[in-house]
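Next, two complexes with chain A in common: one pairs it with chain B, the other with chain C.
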Partner chain A sequence: MKGKALSAKEGINKAIIDFLKKSLEKKCFDALLIPAKVPETESYAWLLLQDESLLELANPLPPVMTVQGGKALSTVTKHGEMHQSVAAVMRPCEVRAAVELFKLKQNNLENITLISIDCPGTMPLSDYTDNPEKMTKAFENAFDKWGEGDNLRPICQICHKFSLTSLFPPSPQESPSDQNEKDFSASDLHIGLLGGNKEKIFLMPCSTRGTELLEKLELPPQDSLEKWESKVKEIIDKKIKKRNTFNKEWLTKIGGNEKFIAVFDECINCHNCMRVCPICYCQQCYFDSPALNLPPEAYLQRAEKRGALRFPLDTLLFHLGRMSHMVLSCVSCGACEDACPMSIPVAQIFSVIGDQTQKDFNYVPGRNRGEPLPLQVFREDEFSEVEIPSEGEETSTGEAEKNV
Partner chain B sequence: MSKALKIKKGVDKGLNDLLEFLLKSKDIKGIFALKKMNENGAVSYSLMTSVDELKKATPLHPLMPVNAGKVLSIFSLKEATKEPVAAVLRPCELRAFIELVKRNQGSLDNLLLISLTCGGVYPLQSLADGNMKKHLPPYWESLKKAEINPDLRVTCQSCEHFIPYLADMTVATVGKKDLDKECTILLNTTKGEDYAKDAPGNIGSEEMETAETEKLKKRREEQNKKIVEDFEKEGLGFKALVKTFSACLACHGCSYACPICYCTLCDFDSKTLEYSPQSFVSELEQKGGLKIPPGNIFFHLGRMSHMAVSCVNCGMCSDVCPVNIPVATVFSRVSLSLQDEFNYLPGKDVEESVPYGVYKEEEFVEIGEQ
Partner chain C sequence: MNDNIGVYVCECGPNIKDRIEIDKVIEEISSLENVKTAKKFSLLCSNDGKKFLAEEIKKEELTHLVVAACSPREHEQTFMNVCTEAGLNPYLFQLINIREQCAWMISDKDEATSKAIKYIRAGINRVALHKALEKKEIEINPDVLVIGGGISGLETSLSLAGKDRKVYLVEKAESLGGMARKLSQLLPQQGSGLSLIKEKITQAENNKNIKIFTSSEVNDARGFLGNFEVTVKLNGTDSEEREIRVGAIAVATGFGLFDPKKSTQYGYGEIDNVLTAMEFEEMMNFGKVRLKNGQPPKSVALIHCVGRKERGYCSKVCCLYSIRFARYLKDKLSDVSVTDFYIDLCLPDKADQEYFEEAKNKGIRFVRSDEEVKVKKSGDKIAVEYQIEGKQDHITTDMVVLAPAMIPSEGTSKLADMLNIPLDATGFFKEVHEILDPVSTPIEGVYAVGCALGPNNIPESIIQSQAAAGKIFSSLIPGKKIEPEVKVSEIREDFCTGCQTCLSVCFYGAISFDPFKGISIVNEAICRGCGSCVGICPSGAIRSKHFTYPQLYREVLEALR
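Now for the complex of A and B:
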């Protein structure tokens, strides 16, 4: 693999911003969607900018994730193609969310260049709001130790998908041809930060659009990426180990009805988790709909069955329902957990279950634009092990009997 | 002077005795109150129909996981309950329910309303941080002395409407020095008196407003002034507005937790406020840069204009904000002065119409009519 190494002697941020500035000047794209500091505050927000002078506010890798980038992009392109070309600079999990939303037809990537960056993780939002200065320092620390800070979102501490999407194991069953890879790649361009000792950043084109971008800027991708690759692989391995232990621990913590219910004891049913989730795109969630309204007598009857009925109702059903709707596409970004006023580890639970479910379908959400959503494909022989033959069905082969 | 039921037990136990009596000996089919969820101090608002479950009730626990006014609205939205049901709720929750009833989002029929002179609640964050248990002893101590507990929700610290308006029964807690030993429940209506007949304890009499409640009211007024002053130090006007809401994620959690925001689908979550890519482009060309998602301030101002006249300052909005914006402080400052303009106190009187629902020919002539 080859890429273009750029000097970052004046800082990584400056190198990235300079590159983006040049791209804007050379009309590689007309506008940029990028995180930026809100003037006169400590907050960050997504900024869609055309005016180059606004790049001063931009921070491609801020210490916090405010609105999930996939969601921000969907806000702009949900109703069709942009008539200007826009580059969106995002964290890998945000690009993956954008790819899932693309499959769910909630954005239009026609004129969009997706640029991903190696990501060390982000700080929890409320910790950052409480003490921006301290958390900015902690983020810089985590950057140096690459994701090893205890202050990071717990889900970031075990994230092994922090870099270029095509590097994530497991690889798809049918390995894509080079051309396929180019047509369906998640990001168009990836910016590698690892292995550069804060002195270099690496630009790597992943799609035809990305290749053309570097051509136009006369930045031929001919430099070796060996250092970056070996560092990324080393950290992926480390994170996978950490993740496996983490998942095992969580399964003992939430396995079984009683434990699972207890985790959600403190839920106040505010649905913040769903509102910030990039995958939960429904305009009106079923669980907020009038379908759940009952006459008072029905509530009393339900209460009488167990002696008491918790209000608002069906808190657990909401989480299970939401989970069954979105967990195959869950990119483990952690936005849900950050938004929970009760500090319930929603993201950690959803990620554990997402890992299991996605593995069953050999599906990695956001890995590739061409991979269909598992629930949209019919495979005749899928999950045959859980099929039970209907009564009276021929079992002479003995196969079906075994399955029972 | 109003009649009062006095039970020789701590206020918690006494109230639970009354609730048990209502469920066992009267026609009450269920009781809404906070119920203990776990040992950390978590509670949920529950409809309890069995005496066993009612033993887990902890109606005075100083937390508000949901505004109970919202719950009673869910319960009675489709129709009034035919079976009598009792509910224990805080004054601001009761006021919220009344505002919802005025908007046809619930019914008061067949509900026995039990409220309390309210010492306030802790932010939900206290539970999330694991501090709830630690908070309980000082809570009761400051209640006895009619003092403001500095760890309470900001809106509670400055709330002057801690005496309920339309309750059938009121549990006296503010300034009750003997609340560990005696439970005093004022019977404010004939309905309340009827339900208390033959209840455990003795019937005596009690004043709703005492020197102690007056003391707390004064302290809260002062605290309110202080909060407003501190808030204004940060500056007012458009710039301050933008700054205050700069971290807003547009999650709309505040509107979802708000008891008054009852719309099934908020206008700001609807297609009306989704924009075409073309409109983003043309705005971008005019301004050079846009915050995404757009319309942040618009949402808060829109929500404010819809609900501020009925805002009961319960503080739920601040508690659920993931980025700690003092939503309730901003909204209460605006809503209190707006309500002053209309001489309207939300939730005080169910017969009084919501100001926006009434046309008065002579209203606000000073601002525009010539």
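Now for the complex of A and C:
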């Protein structure tokens, strides 16, 4: 694999901004969707930016994720195609969320170029608002440590999908002949930071759109990516190990009814996690709907049955319901955990469960646009291990036992 | 809310009476809230039973009826009719199956009794949430869409079109007639295909009840017997469309031909004077069989079964038309030598054997080769290599005529997808039963005839066309009423996110996407109430009118108590 190396002597941010500026000047795009610092505050927001001179506000990799990029893009394109060409500059988990939303027709990627960047993680939102200066500094250090820094969000510390999504092999249910570029890359262009020693960034085209962009900018992808590749591989391996240990630990912490209930006991039922989640795209959440409002006597009946009834009611039901609805598409972006006022480790729990269920369906959410959502696909041969064989089917009985 | 629920337990002769303690059931049920009355009866489906139920509904002023008896497949409709007659909306009724699910299943009487009580409680709990649903009647559409204007499509159309019934005949090509039109003569000597088909085309064109669309294709079809909505793309353009409504669809899309280039051993396309049967047929139509150099051939080899091995089936018609070619050559060119290479001869009809014997007597040589022959260039001539009982041999000849296998016509799988009808392993349309129901498809109101079903000769195709017409005549009687499903799905607009997941699972094509509102829409005339969309909707925006979440929840709650 080859890419285009650009100098980043004046900093990674500057190099990326210069590249984007050039592409705006050369009319490769009419606008950018990019995070930027809100003037006079320490906060970050998304800008749909058309005026090049405002690019100095932009920060392609801010220290926090205030709004998930997939959600921002969906807001802009939910009701139809962009009539101008827009580049969306996002973290890999945001690109993956955008791809999931694409499959659910909650955005329109017709004139959108998705640009992803190697991501070291972000700082917890509450830590950052407490002390922006300190956390900004800590974030800068994260570029040296790549997930080793204690100050990063826990979910980022175990994230092994921080780089190009095509590093994950296509799922076996897709035949290689289906693998055209459009369908099989999450982003159109990826910007590699690893292996560049903060002196270089690497541009790599991942689709026809990405290739054409570099052609138009006269940036032929002819430089070696060996350093980037080996560094990415090293960190992925390290993170997968860490993730496995982490998942095991979590399973002992939340395994079984009592422990699981205890984790969500502190929930105040604010539904913030649902509101910030890019995958929770329902118009009206069932758990916000009047369906849950019962007549007074129903509450009294329930109280009578159990001795007492605690409020807020049905918090566990909410989390379980949300989990069963979205966990197959969960990209572990951590937005839910950032938004939780009670510091419940929602993202970490959803990530553990997500890993298990996604593996069962051989599905990596957001890996590519062509991979169908598991619940929309019926395969006769799946989950045969949980089928109860009928009497007389001796061979399958044997297999079922083996699989169990 | 004051519900008067009446619960009636059927003894079903000894079936339920002997295995469930009905008196205990009645006792338990009677005390439940909103149950006005609970009674038993010997046989509720009998005339006396129905009369009893109807009287009870009126006498007890029932608002809901629960019957604990047999399977809904057996008598749900019976008791719904009783409700209607007694003035109770039939959807305020629930049938509980305590025969198949309790009495017949469980040998222990106590256990069977307590299970029956549970199920009846579940039914009572559910029926209280039932909504009165109104039946609608629509008049059946007697018109028919025929896809394909070959001999089968023409025969189907001509059989059906009449005063009360329009036929829409859609043909992909510029003109009607299909493959049969290209044939120079029929068997045995029934005149040319052209004259037979010309007659049928003229009849179709002159019939004012047949509307013919040539250069046109069916673009979309949805619905069910008596009520299909079809979009036809007209005149080979994408822009010109016509919506038609019909009650039945006959698929008569015919066949294509195996491309002999796919089997390199026949040298087709490489060696001069190697022709396909259709090309030879054209020469016969022209009245002159000539080599490329303009001379009549002195020797001709006819090769059967081209592509049979690849396709895996016999094409039924090639043996006879190859014999027809051989006889034609012998009759027209006095000194020609003709060799027929076959692997198995297919002579199924009563006149075929004699036709073949006559050909042998005319001096036509028939060679049964062990395996497929090879065709090679040999100077100015063509060599045909073959093998008899393990021994290699060859002949040289001026001309080779190949009989390629019949294959599904182009677009068959697309049409199968559109109409939701299956294909068999050979890629042709699959009939419900090859022997017992040979022209029906699993979709009621959709039929397939002629070579759309696989290799068929012309008489067979005609018989099938008339058979399908007969089926349509008896099911689509003009003026007959049909009742569209009442228990349909409905989409709640404020919940629908427009992700269109439901479109991918709807077997009947009843859901469409409204791009202006950005939501999915159910066509109630087409929806059959299967509930697939209800289950798949990620946002819970779809509900089934007779299977709402509260109804199911209340029912399951009791069943699992």
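Quick note on the criterion: the second predicted complex is superposed on the first by the 373 of 404 C-alpha atoms of A that agree within 3 Å, B and C clash if a C-alpha of one lies under 4 Å from a C-alpha of the other, contacts with A are read in each partner's own complex, and residues count from 1 in each chain.
Simple rule for what comes next: a residue touches a chain if its C-beta (ideal position, glycine included) is under 8 Å from a C-beta of that chain, and two chains touch if they have at least 3 such contacts.
For clarity, every value in this text was computed on a predicted model and none was experimentally measured.
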Exercise for the section: Record, for the superposition on chain A, whether partners chain B and chain C clash or fit. Expected result: fit
Practice task
Please indicate which partner A:79 is in contact with in the superposed arrangement: first for chain B, second for chain C, both, or neither.
Solution key: both
Exercise for the section: Taking the C-alpha centre of chain A as the vertex, compute the angle to the C-alpha centres of chain B and chain C, in steps of 10 degrees. Expected result: 110
Problem - Partner chain(s) touched by A:268 [first = chain B, second = chain C, both, neither] - result: first
Handout entry: First, second, both or neither for A:40, with chain B first and chain C second
Key = first
Exercise for the section: Have a look at where A:295 lands relative to chain B and chain C in the superposition and call it first, second, both or neither. Expected result: first
Practice task
Have a look at where A:16 lands relative to chain B and chain C in the superposition and call it first, second, both or neither.
Solution key: neither
Practice task
Please tell me which partner, chain B or chain C, touches more residues of chain A.
Solution key: B
Problem - Contacts of A:283 with chain B and chain C, given as first, second, both or neither - result: both
Practice task
Applying the touch criterion given at the start, work out whether A:105 contacts chain B, chain C, both or neither, answering first, second, both or neither.
Solution key: second
Handout entry: chain B versus chain C as contact partner of A:156, first or second or both or neither
Key = neither
Completion exercise
Shortest distance over all C-alpha pairs of chain B and chain C after overlay on A, integer Å, is 9
Practice task
List the residues of chain A that touch chain B in one complex and chain C in the other.
Solution key: 79, 283-284
Exercise for the section: Using the touch rule from the top, collect the residues of chain A that touch chain B in their complex. Expected result: 31, 33, 38, 40-43, 45-51, 53-54, 66-67, 71-72, 75-84, 108, 125-126, 129-130, 262, 265-266, 268-272, 275-276, 283-284, 288-290, 293-297, 299-300, 303-304, 306-313, 338-343
Practice task
Can you check the complex and tell me which residues of chain A touch chain C?
Solution key: 79, 104-106, 281-284, 286, 291, 325, 373, 375-376
Practice task
Would you tell me which residues of chain C are touching chain A in their complex?
Solution key: 494-501, 504-505, 518, 536, 538-541, 549
Problem - Complex contact set, residues of chain B against chain A - result: 29-30, 32, 35, 37-38, 40, 42, 44-50, 52-54, 56, 65-66, 70-71, 74-83, 85, 124-125, 127-129, 243, 246-247, 249-253, 256-257, 264-265, 269-271, 274-278, 280-281, 284-285, 288-294, 319-324
